[in-house]
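Encoded as structure tokens, here's the structure I'll be asking about.
Naming follows writing order (A, B, C and D), and every chain is counted from residue 1.
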Amino acid sequence: MVGGGNGAFIGAIHRAAAFMDNRIELVCGCFSANSEISMESGRSYFLPDNRIYSSYREMFEKEKQLPENERMDFVTIVTPNFLHFEPAMLALNNGFHVILDKPMVFSLDEAKQLKAKVEETGLTLALTHVYSGYPAIKEAKARIARGDFGKIRKVYVEYVQGWLSERIELQGGNNARWRTDPKRSGKAGAMGDIGTHAWHLAEYVTGAKISELCANVNTIVPGRLLDDDGAALLRFDNGATGVLIATQVATGEENVITIRIYGEKGGVEWKQMEPNTLWVRWGNGQPTEIIQVGSGYMSGLAKHNTRTPAGHPEGFIEAFANIYRNFALTVDAKLNNKISEPEWLDFPTVDDGLRAMQFIETIIEAGKNDNVKWLKWIE
Amino acid sequence: MVGGGNGAFIGAIHRAAAFMDNRIELVCGCFSANSEISMESGRSYFLPDNRIYSSYREMFEKEKQLPENERMDFVTIVTPNFLHFEPAMLALNNGFHVILDKPMVFSLDEAKQLKAKVEETGLTLALTHVYSGYPAIKEAKARIARGDFGKIRKVYVEYVQGWLSERIELQGGNNARWRTDPKRSGKAGAMGDIGTHAWHLAEYVTGAKISELCANVNTIVPGRLLDDDGAALLRFDNGATGVLIATQVATGEENVITIRIYGEKGGVEWKQMEPNTLWVRWGNGQPTEIIQVGSGYMSGLAKHNTRTPAGHPEGFIEAFANIYRNFALTVDAKLNNKISEPEWLDFPTVDDGLRAMQFIETIIEAGKNDNVKWLKWIE
Amino acid sequence: MVGGGNGAFIGAIHRAAAFMDNRIELVCGCFSANSEISMESGRSYFLPDNRIYSSYREMFEKEKQLPENERMDFVTIVTPNFLHFEPAMLALNNGFHVILDKPMVFSLDEAKQLKAKVEETGLTLALTHVYSGYPAIKEAKARIARGDFGKIRKVYVEYVQGWLSERIELQGGNNARWRTDPKRSGKAGAMGDIGTHAWHLAEYVTGAKISELCANVNTIVPGRLLDDDGAALLRFDNGATGVLIATQVATGEENVITIRIYGEKGGVEWKQMEPNTLWVRWGNGQPTEIIQVGSGYMSGLAKHNTRTPAGHPEGFIEAFANIYRNFALTVDAKLNNKISEPEWLDFPTVDDGLRAMQFIETIIEAGKNDNVKWLKWIE
Amino acid sequence: MVGGGNGAFIGAIHRAAAFMDNRIELVCGCFSANSEISMESGRSYFLPDNRIYSSYREMFEKEKQLPENERMDFVTIVTPNFLHFEPAMLALNNGFHVILDKPMVFSLDEAKQLKAKVEETGLTLALTHVYSGYPAIKEAKARIARGDFGKIRKVYVEYVQGWLSERIELQGGNNARWRTDPKRSGKAGAMGDIGTHAWHLAEYVTGAKISELCANVNTIVPGRLLDDDGAALLRFDNGATGVLIATQVATGEENVITIRIYGEKGGVEWKQMEPNTLWVRWGNGQPTEIIQVGSGYMSGLAKHNTRTPAGHPEGFIEAFANIYRNFALTVDAKLNNKISEPEWLDFPTVDDGLRAMQFIETIIEAGKNDNVKWLKWIE
């Protein structure tokens, strides 16, 4: 693991998600650029001192020299955005598979390089677009793919938060500080942090790609350097249209992610804060159905990503763990020359990462000035 | 009453709303262009034959000649859009106050003429933008007006239906037929029928005006002549931005109207299908509050428009009735030379009607072609 | 109307409910024992002075002498419980049909006398057990009656309020004062006021009768004279069992009425505060369905009691109005020697009123002492 | 681990919960009485063959002989009820701490013996009453303990399932088979399986003890040998009263656990299927508050048991993991002669297990015959 020292929110989530299925062990890490913090964190994670490193370069080099059954199989990188590219490239160059927190890298250019490197090395790179890991989202995807709702016409996706409605980056926590800092976050604030999640859900669930958008991207809180709010009208390559909303200034909202998709025959709705339920709607005046994760009628894709029976809620960490488990199954298959089951391959990859960077480019460009227009997706 | 013969949905609602508060009696009507249907309907409404007319011209002329304490005080017009203007003008010219179903008229030009006529005659014209009649909406308006949430930043409003997801206008019901027919509905379909409701709520609740928008307006169902779907990015004159969604092809949805508004300090959410509740959110990590209509803490504006204590739900007809009651109180004050209380004047007027027609002009123009742009509000 | 002067909550509801469908007009009333208040109230309801009475005796006598097409057809009695019996008997003796607020009378003995009188006179008496007037409740009843869920096994009904969690009867409002006063309310407090509603719903929806119960009835708030809380285990004559909860000391709750019924094959749930929705559940792991009032698939019984299409919420006043409308249709049929449609007869009658008094007798007796037992229904 | 071979539901949950916090490793196990299944399961859990045992006796003996830093520290027992006592006693006798699935043992007598053994050995025994592990439940407990709601008056707790509404024990799955078999489940069916959960929540959250109850316990599905349904009226030692419902025949319900508690000043509600939310209600007509797990305003007790920020849902496995983590912290403190923090000690122990067996004795006895009575808690 690179990053994720004591106190870092997302690092702790990664570890819980990784461990849950007893397929992944933490064997080493460089948990901070500060070697004392790295050592202290590693010890608190029950690592022996000799597997706690003070730089990721050192880690890759030393681990590579360990016997195969001892050294790490892959590395998880959970640093801020600007510190993704270099360790990821280095890991791949040293033969390690990689899990990266999203957005994948700092710029579109880095994304292209990383994709080339993944293809060159044949290694596996997973990206933790966690919301696509929820079993109910898998179920929605499976139902749309098998044509339950007919041709898809409308896609409404939103990610609504309120935690940046004041300029809290001037106060304590690093969470807000790096996300609102162009040097560490990249060219986008809210659009990169949460807009990419909304974008990913829309494309993942529908299987369609956004081809054009027009956008309004704002920096609402005075003094802030990056966008903290935006919305876009969407056109998809299958003819569907839609709306994407992403804001971090909806005062009082926590983490409201909602996706609603409507086809000719019916539609489906999902809300992240009640994640084990889908509302499935039908035309011709039929009743809406409440689909509960864990039920016997779930698709194979959803069942593969479910751990508990209906009525025993799974949450954010389990969604995260689904990415880890599928990644682990895939890597394990590679390591042991087995063939991956199709469900194992169902996790966000370098292609999603590249496309997320394109999304950021496109929406920031589209929202840049008053001359709003339908902007074609920037490749 | 003009229109609203047996079987017409909205006519029956108007009558129930009018009667509920014992301030309004049905004394006469021309319920259909077909005089037999008019007679039959009138009789079923317990009217004497001599107050059932076969044309509205006849009605206005005859009623005018009745003694003051016998003749109708005002007329409700509940015909399709293209049949609003002429009877309304005639009513005003004959000295009758008017209640019109929305959208007020067929075109912007008619709207301007009607406004001039209202001003000229000094009579009262009310428009049944019913959703602004809900007490919870009044409460949201009152709280925003008194500054509870600070400066308003974001407005998300949506009106999502699915009943036109198939081309049901080819089958039976007149409801779908006239709404999708440019000759009877005007230049807009969904934008006129439900987009205007969404627009009205946004401006009514916030007290701000949309100044610019860019839009995507679609005719989704093949063969249909008018728009059945759309969305717009919004800019308001107070600096807020937002999104408006209006669709009639969200298969399986009934009548989902939602408005969410966020200011610097907090925000408020309302859902028409649970109309007696507001969710009030606060910054600084305070808990969300569930505000229940009928509670002692409601504002004066909301209380004036509430009939039952908390926990005894009011609905669509009561919201409608609030417009009727306030209209009746206002007209009664005029008739009796009393001064209206401020709350009595709180109903949609010819100004809202004119602005609704401007909204239609603006969004249809904005959504017309691929050259999307920020279009200034068309006056 | 007897009672229901200005400011009385339930009187205003009765009038709105009565007027809504344009079948009932207020023609006279004795609105208060205080003749000034009665006069002032009647005038504010637009009655001529000669139809405003200062005693109900006077009203019955004078109205009886009016020509048939002028005099009142029926009387609504909305006084506190102890003032139901005498005016109701008098009305029946004078040939007037009656609508009574629940509970019907003060004691079981009065109930039996009243029932005998109704049978003797052949007149119609309706009781406003309003919650059975909701269209969703009609739908639940229709589905159970047609066997959708198989044999019914479990019935959970509850009526949970918090408004008496403090001793507010010591302060202002008459609402709390008479309800907690044995002289005006009868032998039960909460059990009579809201327990009877819960009981009625349970029997109305299932079509089964409670045959035995064991109960815990409490006076929670110190100093209060009547019960303000209770619960009972239930046995029904069809073999089902269940639980009834009725409390007025659930601090912070408004008017939470919930009924859940389960049969061999499925079940149904209704919540008064979202009254237009039923949740219908099925065995064998099928999805729960959200049944929306106003949908095309509703039963005839529900449709007859619905005024708006799906998604346009109806509320408490409409439920009330359904009792008034069905009563009016029935009385009208009697007056005009027509045959009532079965749906018209679907309103609570003197039989429900008698049974409610038996419920009060039974549960108060059952909850009286520490020697709890399965108490047979007291006839 | 004893039990929990491949395919066993609850064993997999125990492992995920144990691993999540990186404090617990699976080092050995006897996963089935069938040694082949045990071996196969252990291998699939990545154990070396020499730590996979074919009997728990063997396991305890062999593990005891391993060096301290290698041998297991504690054992988790996840077999059916009738196979809890013997391995638990043996584990304690051999110096191992124990985690047991609930209900703790087969009979009240066993429970008393086990408690004596725990006290004699000074070892730690935890019981997975998982629902008390949810952070929102911790929050409710903390708020009640600090007096937010004043004296507690009413407690409504229910556990409603539908999976046994048909006699599925005649078909496949072992889950239903052993639970409905008196030889493996004990003297109670539903009351032991889920009634104990409801009982535990009620006492855990309120801090009060049930002192008396009267009950209706039924076997609804013909042919079944144990109860599958019941309800009880409750009296608590602090003067509160309440209702407990536990049923497995509410056709179509999944896992509906709800607890509502009301005091003089306010109340709190929790629903297991939306586990990260509390509804907190207040007297004097104040708005209901929506309390979200992960918010800054949570109590220390809740924060200690929370892994994600507000809006990132936690679920059943995290609740389970809270018991494991607190147990692990406590055991670790014992092993290392540290003092446990008070929050670490917050998990169900042998005392809860004994009391659960008393609950089963009491409610089964109380519901046994028609002579229902207030039965004092059986010690």
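Structural remarks
As a working rule, contacts are C-beta pairs under 8 Å (C-beta built on N, C-alpha and C of every residue); 3 or more make two chains touch, one makes a residue touch a chain.
All values derive from a computational prediction rather than experimental measurement.
More contacting C-beta pairs link the chains of C-D than the other of the two pairs C-D and A-D. Each chain gets one centre point, the mean of its Cα atoms, and the points for chain C and chain D are 43 Å apart. Centre-to-centre spacing of chain A and chain C amounts to 55 Å, using the average Cα coordinate of each chain. Separating the CA-averaged centres of chain A and chain D is a span of 34 Å. Counting partner chains per residue, chain A has residues 253, 280, 286, 288, 292, 310 touching two or more of them.
Chain contacts in this assembly form a complete graph, since each chain touches every other chain.
Interface of chain D with chain B (complex): residues 279-280, 285-292, 295-297, 310. Listed in rising order, the residues of chain A touching chain D in the complex are 9, 12-13, 15-16, 19-22, 26, 45-46, 161, 253-256, 272-276, 292, 294, 307-318.
Within the complex formed with chain B, the residues of chain A that make contact are 149, 153-154, 156, 162, 165-166, 214-216, 218, 220, 229, 231-233, 235, 241-243, 245, 247, 249-253, 260, 262-267, 280-284, 286, 288, 370-374.
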